[in-house]
Amino acid sequence: MVLKTKQQYVQSIKRMKSEAYMRGERIEDLTKNGLTRLALEGVGEIYELSKQPKYSSLLTRQAQGGPRISAYCSIHRSREDLVNRVRAARLICQMTGVCTASRCCGWDCLNALWYTTYEMDTRLGTVYHKRLKRYATMVQGKDLTCAGALTDPKGNRSLKPKHQPDKDVYLRVIDENKKGIVVRGAKSMIGGAIGSHEIIVQPGTGFAEAETEHAVAFAVPMNTKGVTQVVNMQPGGERKLEAGFDKGNVGFGSSESLVIFDDVFVPKERVFMNGEFEYAVDVVTKFVLLHRMVLGGCLAGCGDVLTGAAALLAEYNGLSRQLSDRLTEMTYLSEALYSQALGAAYEGQSTPSGAWFPDPLLANVTKISVTRLPYEIQKIAEDIGGGMISCMPSELDLTNPKVGPLVEKYYRGLAGVTAEKRLRVARLIESMVAGPGRLGALCMHGGGSPAAAQMTVRQLANLERKKELARRLTGVPAAS
Amino acid sequence: MVLKTKQQYVQSIKRMKSEAYMRGERIEDLTKNGLTRLALEGVGEIYELSKQPKYSSLLTRQAQGGPRISAYCSIHRSREDLVNRVRAARLICQMTGVCTASRCCGWDCLNALWYTTYEMDTRLGTVYHKRLKRYATMVQGKDLTCAGALTDPKGNRSLKPKHQPDKDVYLRVIDENKKGIVVRGAKSMIGGAIGSHEIIVQPGTGFAEAETEHAVAFAVPMNTKGVTQVVNMQPGGERKLEAGFDKGNVGFGSSESLVIFDDVFVPKERVFMNGEFEYAVDVVTKFVLLHRMVLGGCLAGCGDVLTGAAALLAEYNGLSRQLSDRLTEMTYLSEALYSQALGAAYEGQSTPSGAWFPDPLLANVTKISVTRLPYEIQKIAEDIGGGMISCMPSELDLTNPKVGPLVEKYYRGLAGVTAEKRLRVARLIESMVAGPGRLGALCMHGGGSPAAAQMTVRQLANLERKKELARRLTGVPAAS
Amino acid sequence: MVLKTKQQYVQSIKRMKSEAYMRGERIEDLTKNGLTRLALEGVGEIYELSKQPKYSSLLTRQAQGGPRISAYCSIHRSREDLVNRVRAARLICQMTGVCTASRCCGWDCLNALWYTTYEMDTRLGTVYHKRLKRYATMVQGKDLTCAGALTDPKGNRSLKPKHQPDKDVYLRVIDENKKGIVVRGAKSMIGGAIGSHEIIVQPGTGFAEAETEHAVAFAVPMNTKGVTQVVNMQPGGERKLEAGFDKGNVGFGSSESLVIFDDVFVPKERVFMNGEFEYAVDVVTKFVLLHRMVLGGCLAGCGDVLTGAAALLAEYNGLSRQLSDRLTEMTYLSEALYSQALGAAYEGQSTPSGAWFPDPLLANVTKISVTRLPYEIQKIAEDIGGGMISCMPSELDLTNPKVGPLVEKYYRGLAGVTAEKRLRVARLIESMVAGPGRLGALCMHGGGSPAAAQMTVRQLANLERKKELARRLTGVPAAS
Amino acid sequence: MVLKTKQQYVQSIKRMKSEAYMRGERIEDLTKNGLTRLALEGVGEIYELSKQPKYSSLLTRQAQGGPRISAYCSIHRSREDLVNRVRAARLICQMTGVCTASRCCGWDCLNALWYTTYEMDTRLGTVYHKRLKRYATMVQGKDLTCAGALTDPKGNRSLKPKHQPDKDVYLRVIDENKKGIVVRGAKSMIGGAIGSHEIIVQPGTGFAEAETEHAVAFAVPMNTKGVTQVVNMQPGGERKLEAGFDKGNVGFGSSESLVIFDDVFVPKERVFMNGEFEYAVDVVTKFVLLHRMVLGGCLAGCGDVLTGAAALLAEYNGLSRQLSDRLTEMTYLSEALYSQALGAAYEGQSTPSGAWFPDPLLANVTKISVTRLPYEIQKIAEDIGGGMISCMPSELDLTNPKVGPLVEKYYRGLAGVTAEKRLRVARLIESMVAGPGRLGALCMHGGGSPAAAQMTVRQLANLERKKELARRLTGVPAAS
């Protein structure tokens, strides 16, 4: 059995001592900082649930000719794998209430590179796919968590990479020798970087011939020399640094980092693309296909938690019946996201590499819905939650001898519902609407902007065929 | 080969001489009345396409131990059958631009009764399932079109059936003997009744013990004595009675009727429920599951046509580039409907009877989306279409010697785009937005009202589990 | 008293014998054609209500130094006049359920030209304003209805007027002499042209120096030689040609025409712009300001009627209580439109000419709302109306001896609610959603497209000031 | 001149030493706690701007027979006063970016009580209005800030006040003598309480005869014995406790408190209602009318700031042109809110007391829009802001010698746009979307829940008149 326990995972990350900064200071022990500890718990829950019989068939896969491995470092080899991908996303978000992006993004990178390196090897005679296979087998065997890194800082977005005054705003190869390459640059908003053993880096956009230095993909351990993280502070992130329930979700968290590559050496067996600029767009496209599909599952899962919290608060306030319509609407919205993701998964197709990918059109459609429906979910949660959401005393007030009893007296709900219960649930809603686990941070730009998804839908819309359908029904002659 | 040609279908309907009225007069020949002729063409296109190699695998099924039969009178026997059901719905709507409800509703009735009669026979020792099997085999063998009839007139909707002053407002059994039963009542809004060989009648709602007389299901030929139709006139229906293109869709149409059963005798081998009131709700539920799922395919198909028409008109006006974003949004909306329907289909399950049904929650979610997204599609089409939509001269003006040349002069678009071309396409948009093929008539109440779907979502929402998820993350103890 | 009675109005129009075509034939008597008769009733109701003490203060104005004249040919001389403009629009739409565009558009043209001619006379030394004053006094004294005509056919919309292969697709001056000018071209979608004594023509867009021939404004009687109308057929327009209630609104109607100017001579005292291309954009801007504001009142009034019809049908079906939330939403939507229009009116400003105009930003904001909210109103009406909307027998079926009694039996509602009552109300909803009085035809492109309103909002948004507000709060230094 | 300077205001509040707790500890000096200091700056800005010639005509009023007083403690005595109320709300939100609820709520309470006490004195012969006049004159003369307190904790919301196990969950009179009354209870979510000199308490709901003890209105200084505050911690509230720009809005803040009345004595000249339960609903209704109207102005102002911030970030990223449509939509949404509030103000009416109130229907319509449109504004801001919103390093990272230069390198935008500039603006957006100044906290429940506003719209909808309109157009006879 290669699967790590949660405890093994957490300790293995702690031991790596990756170089990470937060609020201007080096984090010495990731398990002692409140925010990073919660993020480790979030990813750790995947390890935990993978061991439970109830979930293991969903969260693990039978490796070809080997032991069961974590699904989170597997290659999707069937339609069912894609569907289970969506199911797993919903489950993990239900159980943690947070984005465990690291394992997801690394998973997507592995699959995207699986396809792209296969194509490169086949057409260009390179050996990237062979390298990647070895790398994937190592990752699977050690049950590692790999962050996936795409987004470059981009500087002035109206200029192409080749026209940027500082070329480093797109990560690039600055040197190369027989043993490997040296890279410089940064990747932004890297989900779960602090909880990752490895980071897989790939292009975040297509590149032109004059931009070959940027067409690079590779993987390095997170504690590689020259790799430095700055952990982002989300709204309410400060609360994660504290004990207590004001943070809303008391069990799990997430994190994102700016990951800086300050002249980092990458040995060549860990390089999976190096200058083949025509393939940059492929690896991006395949990554986002997976990611845009899977977000439908993630947001459905988060929607479930938020629906449950809203239902609970309605119950505590004695308003379950009156708010029933709105809870139903929340359910509808979550399921609409889920069914779209399932549609994209079930309609997926295989590739020559053996890896499966979702239907391109439906995956992008799912992403567009993901940038809209969760906002409706949030809004209803806020409506149901009442003025209390964003107007609550701190947990610390509950223990003050003077005001504690008064807070208790005036925040009670139905018989048996203590102030603490109501505040705990209200804080969860608050945190998912406007705090450190808010849906908006996950849904709008995860997997790319809505505009990017719309552009893909436009490309795949096949308007010519639709025009032909219209001509047929109107009696206008077909286009020649 | 049991499949009828389109021509055979049309002639077989003509020969039945079912009793149908329109605008206060008996229709003598359904193939000569413009409106009913178009409706026959609509259903006829299913016959036509089923014969084409390109579509036959989608539109026909291999009967168990027999020839290929039309999918439209088959039982869904696998997940794939459900998925193909959605695909077929989209295809037929793409190819005809209209609702061919008769074959669909009959198809759904057959499947809903397949399940329900099986349950009844198993538990009550009745012989309904045996009868239904024989009936289905007959329908398949003759490749018949069966209307499906559920909706009772209902009278005062605030009263239950048993309290209605006129009991006939819910169809009911008024007499019974050894040979069969006599029924009285009516069914409203029966799609495609005029183009059907048979009509399958089933309850449209659940019934209580005091309402057993209404718990009845049966099938009769459309030309049975005592069965009378009044064909509805939709907005713009009058245009279908005319030649020319002002009707928008010049090739195909649809129709709905009030079908009245004025003391109609039904021989007992055609009776599939007779008083088993506890099963009424089952047969309704199973019917609507199929129908609410499949509407996602239908509306996606109609959305495709409307998107194509809008794209065509944008092209004729020289505005394709400027309107590209809005066309993309139309595409997104159609695909969102489609993917939800696919999700519901793929997640479908089998029943002891062997018939498969969609996932109940996702099918109802699809229906809710169907009551919303098509309105957005329509609105964008109207935006793209410009003021011309709803402000056009009649086709007849084009041939008037005085104004014809002026209309031609002032309605031309890009070079090569005649006034007629622009008007034809604009009339198609108009008819789908506000005329005889409008999406709104199809999407809002087809398969039941949005409120009915919402009620089902509420029942299936499993709020208790969601509350448990929320409790887990907040540290509030689990409910005992 | 200069005000005409409704009867005098109708007869005066009949006597003009303007040249109008419909469905390929000349209309000999506008009072005998069902559609045009209803349109005359619509505008006629303004005449009717203006005489009623209850409404006369709203619908008439005290002319300067003269008798009370119709508001519909007055110049707005105060903030209160603008507010009353919105109130009158709502009232007339409430009382007629239709767009009485002719009097409104002519009113707007008079005001737009009042401003623009004043500016031209002041700056260029022309005499257009003096001419217009005389013209306005004549119109007021005779209580005439003036159509207002802006929209050119435009041909290929991607080309500017000067590049059109057929220059006539923008109306233009083709000849000129001491006595006047000769114009050729057409104006599209002219609301109420058949019920107008006069037609006021003005540019529908700005023009460049090379396009001076198109910068022309003038007025002619509708029966001027060379002026020909082709009356448009809206969806369901055919029903207006018939007796009976299937048309929904049995009392009133509207109409739109393509008005063709086939080398029409205009005497110079009726020419209000002739080549002053720099002023074309002014007269368009001022027209649309009024129109975009007033649509908020119109759609609120139509919304009121549709809300009332939906409430009535809910009552007939015994569902008033259950549908109360949705009726409230309809009310909200109508009032939101109304309050925006009021905001634009109250914030209006005077001009040197003495004419008042609405706040430019708020008038355009109102228009954007007008392209959105009425669709929500329609959708709810369709939801409340039930499947019956678009699935009804014809009125003619009620009188057929065979099926009439059956239709009566099965379409009854609550006690005392006959089938006819239900059908009449359902047909009204149907016609306002999808038929000859539908809101969509009025709201999307009336007063220009949503894109045009958005462009104006963009121009007026003053983003620089807003950026300054943001800088101030963030501590980022102000832009130098 | 009675107007205080900002400095005088801040010092006067500091000197009061009101008893306030935050995060479990007593706040010793409100000017030293980061959060409360910012809140004082927010309200203080009203004092500041009132002194500036540019704004004084808007923010001050001429007292009857006296000096200019702050508008924020005046009685609305004309339509223009109501309109200026809306304008002032927009201005203050533009200039501060936050809710300065204290002065607004107190202002509304004064006006609501002005009307209600007048009615009581007139009908019941009480002396409340005389007392209130003296109180108002005192407040105006000293230029005091008064919090307004309505919302009771409510306990189990499904029970009426008289059935609550703990009667104190609705504030009530527990004792009374010749000198005054003693009250017990609490008021929740009291905006700006820490920055107020006085607190005006009034019923938050109607009461029945058996609930007279709750029908009480009065005012006390915030530092009255027995009055204790617990200051709420909003999402991101912790950041306000820190220096630096991570809080987004660096100049201004807001605060809300639970205000507890632990057996507080109120002298009778400060009691404005005491048991007159029939008048409780009046004072609530009048309060919310003002509040629901004015929120349209507030949210428009906050929308302006957010639009400006989004425009600024778009500019820094080199994307102004591409994002122009979305910025226009933000502008539309803000102006739609503003115009609705203006409509409600302009349509306001006077009362016998001399106080003016907005149109009841339009004020509630504005509130409904306020619960919807700001969410759209937020969503677009988040879309424009990009993934950076919610994924930013802390300001503290900028000064770390190791990572500071790297953060600077990788967060730069266009030439001249430093990382700090981009981060400052992005933090402002973040805080308004999801942090301590977020729109959602202000718009959803401020002035009551959306459901409360909808209930009022239902009551005022006058469906009977609308039904009559519909009957008239259908030919259905009028109701007798």
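As written, the chain order gives the labels A, B, C and D, with residue 1 at the start of each chain.
To be clear about the criterion, a contact is a pair of C-beta atoms (placed from the backbone, for glycine too) under 8 Å apart; a residue touches a chain by one contact, two chains touch by 3 or more.
Just so it is clear, the model here is predicted, and its values are computed rather than measured.
Peer 1: Which other chains touch chain A while also touching chain D?
Peer 2: Shared contacts of chain A and chain D: no chain.
Peer 1: Using the average of all C-alpha atoms in each chain as its centre, how far is it in Å between chain B and chain D?
Peer 2: 52
Peer 1: Starting from the mean Cα coordinates of chain A and chain B, work out the distance between those two points in Å.
Peer 2: One centre to the other, that is 40 Å.
Peer 1: What residues in chain D touch two or more of the other chains?
Peer 2: As it turns out, chain D has no residue touching two or more other chains.
Peer 1: Viewed as a graph of touching chains, is the assembly arranged as a line, ring, star, complete set, or other?
Peer 2: Topology of touching chains reads as a ring, each chain with two neighbours.
Peer 1: Write out the stretch or stretches of chain B touching chain C in their complex.
Peer 2: Against chain C, the touching part of chain B is residues 21-26, 151, 153, 155-159, 165-166, 168-169, 186, 188-189, 228, 230-236, 238-239, 246, 256, 258, 260, 262, 317-319, 371-372, 375, 378-379, 382-383, 386-394, 396-400, 402-403, 406-407, 409-415, 430-431, 433-435, 438, 440-441, 444-446, 449-450.
Peer 1: Show me the residue ranges of chain B that touch chain A in the complex, using the header's touch definition.
Peer 2: The touching residues are 83, 94-97, 245, 248-252, 304-309, 311-312, 315, 324-325, 327-329, 331-332, 335-336, 338-344, 346-347, 361-362, 365-366, 368-369, 421, 424-425, 427-428, 454, 457-458, 461, 463, 465-476.
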